[in-house]
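Some structures are shown below for you to check.
In the two assemblies presented below, chain A is common to both, partnered first by chain B and then by chain C.
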Partner chain A sequence: MSAPMDFNILTCERSTLKEKIKMAHRLGYKAVAINIFIPELTQTSKKKKSQQQDIAPAKSLKLSDLELQELLGPTWKSFRQLTRISATLADVQHNFVMSTDIVQQYDLVAVQPTTDKTFYQACTALNVDIITLDVTEKLPFKLKRTTINAAVQRGIKFEFQYSPAIRDSTLRKYFIANAQQFVFCDIGKNIILTSGCEKAMELRGPYDVANLGSLLNLNAAQSKAAVTSNCEALLKHSESRRLNKSVSKVEKLEEIPGNETWLLDKLRVHSSLESVNGGSRDIAGIHGIDSSDEETSVDGPAAKKIKLVQT
Partner chain B sequence: MVRFKNRYIVCKLEFGCRVTLPDLTQDAVYRAIATELQVLHGDYGTACARKYPNLTVQYLNPSTNLVMVRCSRDQCKQIQSCLPFVKKIGEVDVFLHTLHLAGTIRSCMKFIVRYHKSQLPLLMSECRNPVERKKVQEMLTDSCADSGRTLGLLERSTTSQ
Partner chain C sequence: MYKKVVSKGCLDFCYMKVRLDFEEGTHAHIDIVAFKQIILEAAQSMFGLALSCSLIDVLIYEKSSRTAVLRIPNINLSKIWSALSLYSNMNGLSCAFRILQISPHLMALSGNSRLMSLEVVEH
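And now, the complex of A and B:
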């Protein structure tokens, strides 16, 4: 099994949070997302402004390196902490908060739609990573294959939390029912299983979580993917979300129009640097995945790259 | 006669803060799993777990909290799916963390030896005083020195039972 991850550890008091992270590490998770849950993002405009300021900056959620080292012992370096913000969506009009800077700084952004309209909006328009489906009551909206497919094409994953199911028998029924309903629409891909635990004792090991998949009509490979590879795909998605939208273009040097010759000088400097280093940049550079500024991301002397930045 | 197809699940009992439970028995673990099976899969699941090869707890290591559960191969998925829902054994909060799934006791025992060895260095970091540290160090060197013998001892003890 490749690295299992748990993307929903609710933030709480420091001591309980430490306990949870220690337990997650002991169970073999390689990455953990500390989640801050905002129950209502949608109030009147005055309140919302104050709430917007209430959202803590992403860095304050994490444990410092020193604390982590103390907590986990010698293997702490292979353990990753992420930050995640999640909110319920009740009203379509107030959801621009999700695209503000302070929210987008978080590693993962999740929403929990409560109506048909917000579910549609979350699937098709909002700039988020995860859509949480409620497992504590009957689904308040209809699942439509077209809507879900729209979300899947944008790389969004759907999340189910298993810790309510462990807590109580009735919640377990809703968990199984809702998840099976979703799996029927989605053929079992694009689902992630997370804990959403309040106490350390509600966490389960990655193999156990994968076994829960058999209750949800997932096959063995799909339920493993729900803990591992789907989460990895999410990490990539979140990286691309935080980058500016960019376009790259490959052209021959001779065909460059006259007004862009200044790029050649930059290229020459860069290519001489490159020959000193003796390495060529990988393909990721062309697509602008790892590029932060224009000049350094040019791929070889025979090509030039233009990056348009949308704001 | 075809032989019975079994599955053996190696689990670790996680107690949170407490290290071990004084009166931990195989029967208590069995009852905890069986009640969960009754809740989740009902009468049918329980009935399937009663016929041979039935659900049993084969091995329990009270010092490292390792448990080995046997079930039939057909019912393995059912049993595995109800393991996460075990919350209490007796009165104590606990949960089962699945480590390994195998078809024979022998391969399970091999895994258990390997697992114990891999846990020893981690124990080292939890040592507080030099006496403990020395003890763990001795255990470490022992385990490195004759891996074959430890393995052989364990296997013989299980077959003699």
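And now, the complex of A and C:
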């Protein structure tokens, strides 16, 4: 099983949040996303400026490195914190907020549609990572395979929270019913299971959560993927969401045309900076640059300083 | 001296090591009978009478840490596991079952590499 992740830890008071993160770490999660939930997007969106001030900047959610180290002990470096924002979508017209800069700065962006129209819009048009399906009531819209497929092709995952199911038996009923209904439409491939917990005791270990998948008609591989690999795919998706559409290309250094030699200069400065910071090994490994050669021929022209390792 | 046993397919029983956790600060004294009662209650609230009638044995129970080893028929493992993980409330006290180890062999529960802790020496 690759690294399990929990992408929904609701933000709350600092002490409770710390407790939750500590519990998640103890249960074996390798990454958590701290989630800020905005229940009503429509009310404040009339005034755009005041709306933007309402949303806290992404960095303020995270614990600082020092706090994390205190909390988790020596293994804190392997633990990742992410930020996530989620909002309910009631009206099609108010969704421009989701594409504003302050929202897109978050690592993950999730929406919870409440009507047929917003569900369709979220699946086909909105620039988001996650679509949350409500598990506390009967699904307010009809699930259509074509709509879901459109979302799947754009790399969006559907999220189910399990902690309402832990809290209460009626909610448990809806959780199972809604999720089964979805799995029937989707064949169970694009689901992530997250906690959405309010207290640390509501967190469950990754294997327990994976086992809950069997209640939702997922098979063993799919339910494991719901905690691990689907989450990883989401991370990639969120990265691509924040970058503009771009293409990367691999080229030999000797074949670079004359008008682009400035690139080499940039690269040299970059790699020498990295070597000062002690990260030269990684960079050299990725780009295939022999860093030892670079140091010996400091006085040569820029093109010679960085040599591609022939493989 | 040693006998080689080959089993094909899955074995009849699964052994599960579970711990019942409460929130910090609550003092709950639970003996073995109450512990089994809780497990049956969890099974019944999730799957009804049909599951709570099935064979669930508490083999060992340690009162101080509220840790037990259960023996469960293999076909019911997934159901009981999910029933335990969705259990959260005992008489108003919030609690959680932590499943520590699962194995088809009882012998495998004798050791746990996850409890090993490495000492970090700081210079």
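To be clear about the criterion, the second predicted complex is superposed on the first by the 240 of 311 C-alpha atoms of A that agree within 3 Å, B and C clash if a C-alpha of one lies under 4 Å from a C-alpha of the other, contacts with A are read in each partner's own complex, and residues count from 1 in each chain.
Methods note: a residue touches a chain if its C-beta (ideal position, glycine included) is under 8 Å from a C-beta of that chain, and two chains touch if they have at least 3 such contacts.
None of the values given here were measured: they were computed from a predicted structure.
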Practice item. Evaluate whether chain B and chain C can sit on chain A together after superposition, giving fit or clash. Key: clash
Exercise for review: Based on the superposed arrangement, let me know which partner A:214 touches: chain B (first), chain C (second), both, or neither?
Suggested key: both
**Study point:** chain B versus chain C as contact partner of A:22, first or second or both or neither
**Key:** neither
Check your understanding: In the superposed arrangement, which partner chain does A:117 touch: chain B (first), chain C (second), both, or neither?
Key -> neither
Practice item. Based on the superposed arrangement, let me know which partner A:166 touches: chain B (first), chain C (second), both, or neither? Key: both
Check your understanding: Looking at the overlay, does A:154 come into contact with chain B only (first), chain C only (second), both, or neither?
Key -> neither
Check your understanding: For A:62, is the partner it touches chain B (first), chain C (second), both, or none of the two (neither)?
Key -> neither
Check your understanding: If you stack the two complexes on chain A, which partner ends up touching A:201: first (chain B), second (chain C), both, or neither?
Key -> both
Check your understanding: Following superposition on chain A, which residues of chain A contact chain B and also contact chain C?
Key -> 27, 74, 165-166, 169, 172, 201, 203-205, 207-209, 211-212, 214-215
Study note, to complete from the structure: In the complex, chain C touches chain A at residues 21, 23, 45, 78, 81-82, 85-86, 88, 94-96, 98-99, 120
Check your understanding: Tell me, which parts of chain A touch chain C in their complex?
Key -> 27, 74, 165-167, 169, 172, 199, 201-205, 207-209, 211-212, 214-215
Point to revise | Residues on chain B engaged by chain A in the complex (per definition of touch) | key: 14, 16, 39, 77, 80-81, 83-85, 87, 93, 95-99, 101, 122, 125-126
Check your understanding: Hey, which residues of chain A end up touching chain B in the complex?
Key -> 19, 23, 26-27, 73-74, 162, 165-166, 169, 172, 200-201, 203-205, 207-209, 211-212, 214-215
